[in-house]
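We call the chains A, B, C, D and E, going by the order they appear; numbering starts again at 1 in every chain.
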Amino acid sequence: MAWIKRHLISFAAIAVLVYMLVPNVVVAAFSFNDPKGKYNYNFNEFSAAAWTNPCGAQGICESLGLSLQIGVIASLTATVLGTMIAFALGRYRFRGRSATNLLIFMPMATPEVVMGSSLLTLFLMLGVPSGRTAILIAHIMFCVSFVVVAVKARVATLDPKLEEAAADLGANPTQTFLRVTLPLAAPGIAAGALLAFSLSFDDYIITNFNASPSSITFPMYVWGASARGVPVQVYVIGTVMFVLTLVVVMTGQLISSRRNRQVA
Amino acid sequence: MSKQQGKGDLGLVALTKSFATFTAVHPLDLVVPQGSFFALLGPSGCGKTTTLRMIAGLEEPTSGRIRIGDSDITDTKAYQRNVNTVFQSYALFPHMSVLDNVMFGLRRRGDKDAKAKAKEVLELVQLEQVASKKPTQLSGGMQQRVALARALVNRPDVLLLDEPLGALDLKLRRQMQIELKRIQQEVGLTFIHVTHDQEEAMTMADSIAVMNAGRLEQLGDPATLYEQPRSTFVANFLGQSNLLRATVNPGGTDHVVTVRAHDTDLEVSREHLPEGVRDVWLGVRPEKLRLGEGGGPNQLRGIVRDVSFSGVATQYSVQMPWGQELIVVQQNDGTARAVLGETVTVSWAAQHGFALDASQDAEAGAELVDDHG
Amino acid sequence: GSAGKNPTTGGASGTAAPAKTAAAAQDMSDTEKLVNWSNWTEYIDTSDDGKSRPSLDAFQKKTGIKVNYTEDYLDNDEFYAKVRPLLEGGKDTGRDVWCSTDWMVARLIRQGYVQKLDLANIPNAANLDDSLKNVEFDPGRLYSLPWQSGFAGIGYNLKATGGKKIESITQLLTDPALKGKVTLLTEMRDTVGLVMMEQGKKIDSFTDADFQAAIDMIQQAKDSGQILRFTGNEYTEGLAKGDIAACVAWTGDVVQLQFDDPKIQYALPQKGFTLWSDNFVIPALAKHKKNAEKLIDYYYDPAVMAQVAAFVNYIAPVKGTAAELVKLDPKLGKNPLIVPTPDVLARAQVFRGLSTAEETKYNKLFSALTTA
Amino acid sequence: MAEAAVLSTGSSAPPTRRRRNWVPYALLLPGLLWLVVFFVLPMVTLASQSLQEGNVDDGYTFTGNVGIYVDALKQYWPQFVRSFLYAGTATVLALLLGYPLAYFIAQKAGRYKNLVLVLVIAPFFTSFLIRTLAWRTILSDDWFVTTWAQKLHITDLLQAVGLTANDSLLSSKFAVIMGLTYNFLPFMILPLYTSLERLDPRLIEAAGDLYASPWQTFRKVTWPLSLPGVVAGTLLTFIPAAGDFINARLLGNTQTTMIGSVIDSQFLRVLDYPLAAALSFILLIVIVTMVSVYVRRAGTEELL
Amino acid sequence: MSKQQGKGDLGLVALTKSFATFTAVHPLDLVVPQGSFFALLGPSGCGKTTTLRMIAGLEEPTSGRIRIGDSDITDTKAYQRNVNTVFQSYALFPHMSVLDNVMFGLRRRGDKDAKAKAKEVLELVQLEQVASKKPTQLSGGMQQRVALARALVNRPDVLLLDEPLGALDLKLRRQMQIELKRIQQEVGLTFIHVTHDQEEAMTMADSIAVMNAGRLEQLGDPATLYEQPRSTFVANFLGQSNLLRATVNPGGTDHVVTVRAHDTDLEVSREHLPEGVRDVWLGVRPEKLRLGEGGGPNQLRGIVRDVSFSGVATQYSVQMPWGQELIVVQQNDGTARAVLGETVTVSWAAQHGFALDASQDAEAGAELVDDHG
């Protein structure tokens, strides 16, 4: 009893974790379903058919490809732009600092519908066609702020003494940036990029406002499919993305921790 | 004031640094001979770090010049100067191995032998076996030695050390002091060592410059500075001093002058008396005082108020009839000790006293160094 | 074949000749053997493994024209909202042909967003069912040809109603057994139309008051918590699962569901139900107009159309399809929802054309209901 | 990744650098330009659009019709209220659920810390639509969750407090709020985690040493010190939740429509752009006002 | 080993703490008399902190009991014990003002006079003027005093201080030592003071317990511990020692025994020789050695290899013919100094030597304390 009391927080935490992962378990389970009829809502019969043929549903892999492509381009661009801003904010004192902070914060404080619709309004007025370019512009726009926050947190903890040490040891400003500042900020930049990618990859609301009939992203495909019955392949892809993330991040961590342990 | 400057000597000429609201370094003139172990000592905020940063090129002087040998380096950038710094916080690059840290400077200058040289220096600081570790995996003392190696390996004209031992604990600190001194003697570079710790400065340095509030107070070798301080600030800051208010009696011999302090006549060497002053602080170091009458011509009686044993020595606090407490330090060499409450005679030799102009504050340099929170 | 009431006596105004003419682009049909077709989801025959579309493949084989078939037409309004800026801005939509519902065709024609069909390229257009030949919104079928037609009626799941039959709109909107398990369509003409007919009105000639009365009835049902949602096609999943007990539904959807689950039932209300068509149109600046017309022509072959009808289970607008369908599957050929009998057809009504002002007004009323 | 999605509330000013003053501006220029053109400008367009009148067929013209805001509020205030209510409830729930988990990861998970963190983040990469659809399956009538809830009379309870309309769980207020909580929980957990991670465990020991019971320790030490994370987390949860409509659409019914859904429909189906723009603008203004009041009251003014 | 225990004395009975892979504290028996200033001394990792944490209730003992007076507090929770800790890192609540920090404990126990009492204690530590500031706005020394005040104000039965001065710089540290001692004498509480710094322990404490690797090495008052260490570990850890390998000669008087070290006969008091051992380390403290022949019966000759001036004293390293270097510390009391390279005689009195069992490592307790990075 005392043991239970002492570990109350751990139990609560695990319960919450379970709550967070239940849908993923269901998704994984249903990816092995051979649904009766076109709706995949009752577990009918085990089948790995969808796994052997993940592109089997019309257009699913095209949309996934598009989403991945947009995600990569948008997160890379946003990471570059955001990192630059984060360095400016974290490293320099200049006029218009607080205005900049506000401008960075606003996209995060703006509901997605508002952002999506306002961008659509602008594009309507400017005659920018909906589609891939419009989606990219929008995604970069809302990702930048998150990158700034992630990178800035890291830059703020960077010891300016390290840069001084580099200069003291004969590194000119460019070398100092490339050899010291950038590698040290890298974890923050990577976190920002990853976050940007996940936000872009997962966005439906803003994308839907700016998509054209020929630019169906994966979330839009899922949305469309949900009206007529979600193909099992969607569950397969959802599961793959989940497991892939787990594997990639965990091996990354394993490698870095092993590297640390080896030299220890 | 700038003196003759040798080939590789470091020279500061009227070097000044003012921040927006505050002048951290008032015009400073100093020559540090090549190959010497030079200590910069002073209370917190006196401008030691600022001076060092100007030498390193990390801070731009408001005015004045910096020279190494014949060349004026005032306007060169940090990365162009052949000067290296060991930072108090070490500032090791956490993402590089120890070896990469040490090679960093050589690599920047395109040295082909970087690796060999770095390994050699790591051997010098006895860290060859941790070359491939990351700095965070090392203990404080090891990190300190990496920082030292990283600077040393570049064979700078001047090596600046900003409280390199400040973060180490006492025992380790004493060991590193010995190490540092050994290395300096081995490599023969000019070291400028900044420290808070007077004992450290005195044990290690060839010469010490005491700074106070952005100004140079006194410059000299450790023994001279300690035994013939020229101000109450130096007297108090460099070890402890007993200062008695006194008036110089006219006359005296060539060697000895008598002064009157609290109705007692006391002797002091004439050479330790500044010219032309009448009101003085008569100073004696605690270890120069003897409990008992055998110590010299100067004798005072008082009551022991505190006894504090610290192993090597015991410190007594002896209260004089006029209330002042004199501090007496006696080596625990087996001679009889005084006990609390006992009335004792305190005595000292005339040549162990020094006199300072009484217009100075007797407490200068002795206050709580507590303003750098 | 099918026959329906053909509302030639249109609404008050606004259905006059189109004000604008759609711009044509240089036709690349001969150099690019390609046609881009946007259609509703699952609105064409598909092979059993879901990987190919037999009728399309056959077309490609026969003509050498590749069809880019996209199922991105989820909803008339939504699709319109997406292509309108392009059409308005005089830009190519990237589509050569798509299938819009009657009233949407009316709007597209009115705004000059669709091009006249070149019937020379569509000889099979002669197969068009007579009743659909002369519609109010496109007299003489200059701009559009029907793809599929259907009814909107009541679909329900016996499992969820507890075996109860749902046969009238009133029951749908008031039966407490269905509370919170009823969905209506976001398609205004179907939903409001059914309710107006339930209230004894004719939807080819109603007044503002009639419309308002229908809205009120729906509002009441909504406020009482009877209505779960207003939906597009997505009601089918809920209906199949039983989360939706009964709903306003399109015939083809329900017929498809019935294959998997006989508990799914369909009722055409006695007081009337709506008949609609989705029609091929060719948008302005389409690059492959001729290819699109060849495609339409291909599907106007009764044998091809029967192949589609056998899969999508809607009413085919092509004469002779019924006969072909019987050959494919006798049971389908006799299904009154696919091949309606005359007395069923007699009860079907078509929503009258609306003027721009009316459309704006009614849309506002209806959207206040559905979006809030 | 752990550091991501975190509004750090520390406000240490960076060191002054006087030389090369143009550098920060050069760094800022591209990013800020992007934001100005694709964020600020659209907002201005949106504002101007809201003051136009007309219809799709005939086009819209600027008339400065401010009345639209009154109309919009009059017609849709229940959806506004509902959105903020749901988002608020979901935020509180997310805080209640997220806090123990964040605390666990930061202070107790030991070597499983990274694993748990990844488990919190990984669902991000499964499209949230898929996961929300999965909830539809989980909560559907013929699944055991609903059956058990019925057996345990949880459904009756929910119905009694008005969170559900009948004995199903799906398509109800309950489902919508649950979905919102679920979907935005990681946005709560990550900032909470960062601030709890920074919490020195010695402070907790110190509180215990000074006679504070575990509960007092939490209230007097842990909670106030995690406030920056709480503020950041609640904002990152509340803001998107208030504008969300996916959960309401997929898990709700006609009684649970949120304002995001209205805006979406007005823009994309009804094509009443002025009304839609006005609604968007009202939503933005209300949120920004609420956020700034909240942030000021929470005492963490420099949010970024 | 547990002795008679007084009314408010703290008693540890066979207290043990094992972690998963490691026993940090081996059965430990200790009585700390009420009102005493008790120091716990030992190298890094020897279990000092673990012991304190068990007393505070922050760590659960693996076995053993903890008593205060008659009551056994082993099983009570930290917040139920009338024991307070001053943490090395201070662990001040950063979100509360100084006053709120100090009131925290009183408030938790619902003391109505919390504010008045807190202010009183702040006066005691001379911080009344910063009561409304946040801890981060204070200097290190001030924070240290706040931490002390926060614990003191509760008038705990036992006050635990875990290296409270470790983070302060040298000068400040010495000042805080005096302050701490003054406060302890004023309030009369039991202080258990953990430190790395041997001098600190000796100056401040009434009794010292030296720990090594989780075990109690020796317990006693500072002078006894320093002058009669019972192991090489204590001899080396508590100050420096010169240890000469020697063999006890048979015979000798009641008072004095001769031992043979490196072919020289040397005298040592019989009372300083452990019973029944023949091979010994003969130890002498550096300050007990005299340069010159006047110091005592024991004389050795060697060459001065290093001279290190540190103000109060000078340290000489004198190399013996067999290679070993003896460390000699001489107070700078004005007597003649030896110079580098000079051959000198080193002498000491028989009663200043001590002999230790030679089976021990001569270097124990003297190694680089460098493993806690």
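The rule is simple: a contact is a pair of C-beta atoms (placed from the backbone, for glycine too) under 8 Å apart; a residue touches a chain by one contact, two chains touch by 3 or more.
Model, not experiment: these values are computed from the prediction.
In summary, the chains found to touch both chain A and chain E are B, D. When every pair of chains is scored by its C-beta contact pairs, the maximum goes to A-D. Each chain gets one centre point, the mean of its Cα atoms, and the points for chain B and chain D are 59 Å apart. Between chain A and chain C the centroid-to-centroid distance comes to 39 Å (mean Cα coordinates, whole Å). The centroid of the Cα atoms in chain C and the matching centroid in chain E are 92 Å apart.
Shared interface positions of chain D, i.e. residues touching 2 or more other chains, are given as 140, 142, 267-268. Shared contact sites, meaning residues of chain B that touch two or more other chains, fall at 137. For chain A, the set of residues touching two or more other chains reads 41-42, 226. Here, these are the chain pairs in contact: A-B, A-C, A-D, B-E, C-D, D-E.
The residues of chain D lying in touch with chain C in their complex are 55-58, 75-76, 78-79, 140-142, 165-166, 168, 170-172, 252-255, 257, 261-262, 265-272. Partner chain A is touched in their complex by these residues of chain D: 1-8, 10, 12-17, 21, 23-25, 27-28, 30-32, 34-36, 38-43, 45-46, 49, 97-98, 100-101, 103-105, 108, 114-116, 118-138, 140, 142, 182, 185-186, 194, 235-236, 239-240, 242-246, 250, 260, 263-264, 267-268, 273, 276-277, 280-281, 283-284, 287-288, 291, 302-304. Chain C meets chain A in the complex at residues 38, 41-42, 49-51, 70-72, 74, 79, 82-83, 85-86, 89, 91, 93-95, 232-234, 236-237, 240-241, 257, 259-261. Taken together, the chain B residues at the contact with chain E in this complex read 137-143, 166, 169-172, 175, 196-199, 202-203, 222-223, 226, 238-239, 285-288, 290, 308-313, 329-334, 349, 351-352, 368-373. Those residues of chain A whose C-beta lies close enough to touch chain D in the complex are 9-10, 12-14, 16-17, 19-24, 26-27, 30, 41-42, 81-82, 84-85, 87-94, 100-101, 103-115, 117-122, 125, 137-138, 140-141, 144-146, 148-150, 152-154, 156, 160, 187-188, 190-192, 194-195, 198, 201-202, 204-205, 208-209, 218-219, 222-223, 226, 230, 234-235, 238-239, 241-242, 244-246, 249-250, 253.
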